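The structure is given below, and queries will be raised subsequently.
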Amino acid sequence: MSKRIAVYPGSFDPITNGHMDIVERGLEIFDEIVIAVARNSEKKSLFTIEERLHLIAEAHCNDPRVKVDTFDGLLVDYVVNQGARVILRGLRAVSDFEYEFQIAQMNHKLRREVETLFLMTSVPYGYLSSSIVKEVACLNGPVETLVPPIVRAALAEKCRKMKEE
Amino acid sequence: MSKRIAVYPGSFDPITNGHMDIVERGLEIFDEIVIAVARNSEKKSLFTIEERLHLIAEAHCNDPRVKVDTFDGLLVDYVVNQGARVILRGLRAVSDFEYEFQIAQMNHKLRREVETLFLMTSVPYGYLSSSIVKEVACLNGPVETLVPPIVRAALAEKCRKMKEE
Amino acid sequence: MSKRIAVYPGSFDPITNGHMDIVERGLEIFDEIVIAVARNSEKKSLFTIEERLHLIAEAHCNDPRVKVDTFDGLLVDYVVNQGARVILRGLRAVSDFEYEFQIAQMNHKLRREVETLFLMTSVPYGYLSSSIVKEVACLNGPVETLVPPIVRAALAEKCRKMKEE
Amino acid sequence: MSKRIAVYPGSFDPITNGHMDIVERGLEIFDEIVIAVARNSEKKSLFTIEERLHLIAEAHCNDPRVKVDTFDGLLVDYVVNQGARVILRGLRAVSDFEYEFQIAQMNHKLRREVETLFLMTSVPYGYLSSSIVKEVACLNGPVETLVPPIVRAALAEKCRKMKEE
Amino acid sequence: MSKRIAVYPGSFDPITNGHMDIVERGLEIFDEIVIAVARNSEKKSLFTIEERLHLIAEAHCNDPRVKVDTFDGLLVDYVVNQGARVILRGLRAVSDFEYEFQIAQMNHKLRREVETLFLMTSVPYGYLSSSIVKEVACLNGPVETLVPPIVRAALAEKCRKMKEE
Amino acid sequence: MSKRIAVYPGSFDPITNGHMDIVERGLEIFDEIVIAVARNSEKKSLFTIEERLHLIAEAHCNDPRVKVDTFDGLLVDYVVNQGARVILRGLRAVSDFEYEFQIAQMNHKLRREVETLFLMTSVPYGYLSSSIVKEVACLNGPVETLVPPIVRAALAEKCRKMKEE
C-alpha cells in the first residue's frame, strides 16, 4: 500500500492550537500531512507568507510526517501534484459549514478524484480562530492557551511594532 | 502498512443512492468500509434489520471491500473491536451538522482514539434521505434515480403490503 | 392570459394568523389560492380533516379567490391536476428553511414544471406555529391575536373536551 | 433592593452537568434560582417528576439559593407567581436557538414584563443533553463526567431495570 | 388581466448559470422579468455596470420577456416605477437566508404592496456564486459549466488583463 | 445588596430602536446599564465616536440609570473596572448567534467571573441593524420608525454632506 497523504490548506495567519489539533488527529489517519499556505488569498494578513511558514514549521518541531508548503493556482491541482487525493479541513460551526460546503462542492466538480474530509474541531477549540487570536493578542490579552509558544512570541513582537508605527 | 478500515454506521432504512455515494467515495480513501446497521435505534423502521442487511449487501454486489454488519452497544466500542479507528459519515445540511457535531464530540469523549470523518454529500443527493424516499415510494412516486434497483423493488413490495393491511 | 393558481399545502391544525397572512399576500400575486390540507400526514392532529377544512373556510369568509380542499398522493400530481404550476409556502426560520429546501428539491425532481415559491412570514408572525398555538390554548393562554376568532372558539372547545376525558 | 429571582425551567430528565453549570453561573447574577420542572410536557420521560426533583435537590446539596419546584399551566404565569420576572435558559447550538427564540418571543407576547435571559453553555458542555446522556448510560457507557454522581447511580439503576423487563 | 412583471435585482458580477436558472424558472410564472443591476452597491466589482448589462443581455439572447436595466435609490421604489409588485430572489443556503430575510422584511416595511418571492436554487447550482466563479476563472480553472459562453470569454479576457497589470 | 450593573458594548453607528429596546428591557433587570462604544473596532464608521456618544446620550434623555462611555483594550477588563460582571447583548438571528457565541466563549475564557447575558431582540426589530438603517437613510428612505428622532436628523445631515462631497 502506498503512503496516504492529506493536504491541509489555509491561510494560517497565524497557526493556532485549533489547527495543531486537526493536524495531530489527521496524523492518526494519514501517513503524511502537507500544511499548504495559500499564496493568492485576498485576505489582508498580519504575518508574511514566510513568517507563517516558519511559525508552522517550528510549531511542529520538524515532525517528519508534517510538510509545510505554499501553493497558488487551484488547490485541487496542487493536491494532485503532491500525489495526494485528500483535502483535510476542520469544521467549527454553522457559518464554517456553509462556506466549506461551497468550496468542497466546487473542488469536487473541478476534480472528481480529490475528496475533502472534515474533522469536527475539538471541543476546547470550537470558538478559536486566527482572527480572534490576533484581536486578543493586540489588546495585550493572554493567548498562551490558544497558540503554540513560538506564535505567542511572534504575536507580541508584531503587535508591539504595529503600535510603534 | 496495515489495512485502513472505516465504519459507516446508520439505520439504512433503506439504503439510498446518497449512502452508496458516500461508500463509493470512502473506498477511494479506505481499504475497507464496514456498513454497520444500528440495532438499538429507537426509530420505528420500515424494513427489519435482516431486510436492511440484505438490501445493502445486494446493492453493493458483494464488493469484497464492503462488509455489512450490525451492532448494538456503544458505536465507539464496536469500531475498536473491528480493528478500525475511523467513523465515516455524510453531511448534508445544517440540521445534519448540529446533530452530527453532538454525536461526534460525544464519541470523541468516549474514546479519544476513534475519529469521525465527514464527507459532504454529493450535489445531486443533497436533498435525499431514507425518510423522504419512503414517503415518495408509498405515494407511488418514482424512486428509480434515488435508490438502487433492488431497493426500489423492495419498497414497492413493502408499500403494497402496507396498503393491503 | 389564463388564471394563475397557486396551491398552498399544509396540515393547518389549525389555521393561524401566520397562514392567513401568507394567503392574503399570495392573493396579491395569484388569481386563486387553493389551500390544500394533506390527508396522509403521519402527524397526530388535534382537529379532524373536516374540522380543519371548516375552520379554514370560515376564516376566509368564503372569499371566492380562496378554495379549500384536501389531497392525498403526491403533492405535485395534485398541483398539476388543479391546473396549477405553483406551490406557495411561507418561510419562518432556519429550521423551516432546511426542511422546505429538501421538500422543494424533491418536488422539483418529481415534476420539473411545478415550482415552489416562498414568502417570508411577516414580522409579527415569525414565531408563530400551529403547535405553539395549541400548546398556549390548552394551557388557557390568550390566543386571540394568534388565530382567527372562529379558531379561538374551536380551540377552547377542543381543549375543554380533552380535559374532561 | 429586593431579591432577584430567576426561574430556570426545563424537563431535567435527568439534570446534567450542563444544567448545573447554568445554575452555578446564574447564581453569580441572581440571588435565587428556582429550577422548575415542567409537569405538562408531552415528552416521554425516563424519570418520574418526583425522581427528577429528588435528583436536582440532591445534586445541589440543598444550597439555600436554589429552589426546586414543578409547574403546570403557562410558564410566564408561574414566573410571576414566584415573584420573579426572569426566565433563565442555556443556549447550546443553532437548533436550540431557533426553538428558544420561538418560545421566548411567545412568552414575551403573553407577558411583557417577563424577560428571558440566555447564557451560552460553557465550552465543555456544548454537546451535552439529557437525551445523549440517557443513550450513553443505557449502553453502559461512562457518564461520570457528564452528570452529578447521584444521577449516575440513578441512571445505572434505571437502565438495569429496563433491561430486566 | 394585466402583465405580471417581476424584478430580479442583484450585482450580477458576472451573471452565472445559477442566475440564468432563476430567470428561466421565473418566466414560467411571470410574463416579464426585469434583471436590475444595482448601481449603488458598495461591493468592489470585476466588471463595470455596462459590461455586466451587456453580458446579461447577450446571455439571454434578447428574449423579449427579459429586460435588463440598472437602478439606484431604494429597490422598492424602482419596482413600483416599473409597474411591478414582485421582487424575485434565489435562495441557496442558510447564510443567504439570513441576509435575504433581513432585506425582504425591510423592503416589506418600506412598501407593503411589494412582495419578495423566493425560488430555491436548482440542485446543480446550489454551491455557485459570482465570487467563486471569479476565483476559479482567475486561477485558470474551467468555468464552462458554470457561466454562459459569453461570460466565460469575458472572464478569460478580464483575468488576462489583470495579470498583465 | 449592591447595585447591579451591566455593560452593553457595541459600535452603535448609529444607535437604533433595536438597541434602545435592549437597554429598556435590560433596565428591568439591572440597576444601571453602561452603553460602551468600542474605540478600537476596525469597522469603518459613518459617525465619529463623539457623535455616537452624543446621539446615545440624547436618545436616552439623560436617564440616570444609563451611562454612556467608550472603551479600548479588552472588553472584559473594562467590565471589571466598571465594577460590573455582566455583558448584555441582543441576539437577532443565526448569523448573530455564531459570532456572539465565539466572542462570549472567548470572553469567558479571558475572565471566568464575567458573564454574557443575551436577550432576544423584540419581534419588530428582528431585521434591524445599524448598517441597513444607514443604507436606507442614504437612499432617502424613511427611517422614523427605526431610529430615535435625533438619530434620524443626524442621518439626514450626514447623508446630505456625503452627497455634496
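A, B, C, D, E and F label the chains in the order they appear, each numbered from 1.
One rule holds for everything that comes next: a contact is a pair of C-beta atoms (placed from the backbone, for glycine too) under 8 Å apart; a residue touches a chain by one contact, two chains touch by 3 or more.
As the structure is a computational prediction, the values presented were derived from the model and not from experiment.
Enquirer: Average the CA atoms of each chain to get its centre, and name the chain whose centre is farthest from that of chain E.
Expert: D
Enquirer: Mind checking chain C against chain D and telling me if their interface is mostly the same residue numbers on each side, over half, or mostly different?
Expert: Answer different: the two copies use largely distinct residue numbers here.
Enquirer: Just how far, in Å, is the C-alpha centre of chain E from the one of chain B?
Expert: Computed from C-alpha means, the inter-chain centre distance equals 39 Å.
Enquirer: So, what's the distance in Å between the C-alpha centres of chain E and chain D?
Expert: Chain D and chain E have C-alpha centres separated by 48 Å.
Enquirer: How many angstrom between the C-alpha centroids of chain D and chain B?
Expert: That pair's centroid distance is 34 Å.
Enquirer: Hunt down the residues of chain C that sit against at least two other chains at once, touch-wise.
Expert: 94-95, 98, 101, 105, 109, 123, 126-127
Enquirer: Can you identify all of the chain pairs that touch?
Expert: A-B, A-D, A-E, A-F, B-C, B-D, B-E, C-D, C-E, C-F, D-F, E-F
Enquirer: Enumerate the contact residues on chain E facing chain F in the complex.
Expert: Listed in rising order, the residues of chain E that touch chain F are 40, 72-74, 94-95, 98-99, 101-103, 105-106, 109-110.
Enquirer: In the complex, go through chain C and note every residue touching chain F.
Expert: Listed in rising order, the residues are 94, 123-124, 126-127.
Enquirer: Over in the complex, which chain E residues touch chain C? Could you list them?
Expert: 1, 4, 25, 28-29, 31, 85-86, 91, 94, 97-98, 100-101, 104-105, 108-109, 113, 115-120, 122-123
Enquirer: Under the stated contact criterion, what part of chain D meets chain B in this complex?
Expert: 93-95, 126-127, 129, 132, 136, 139-142, 145
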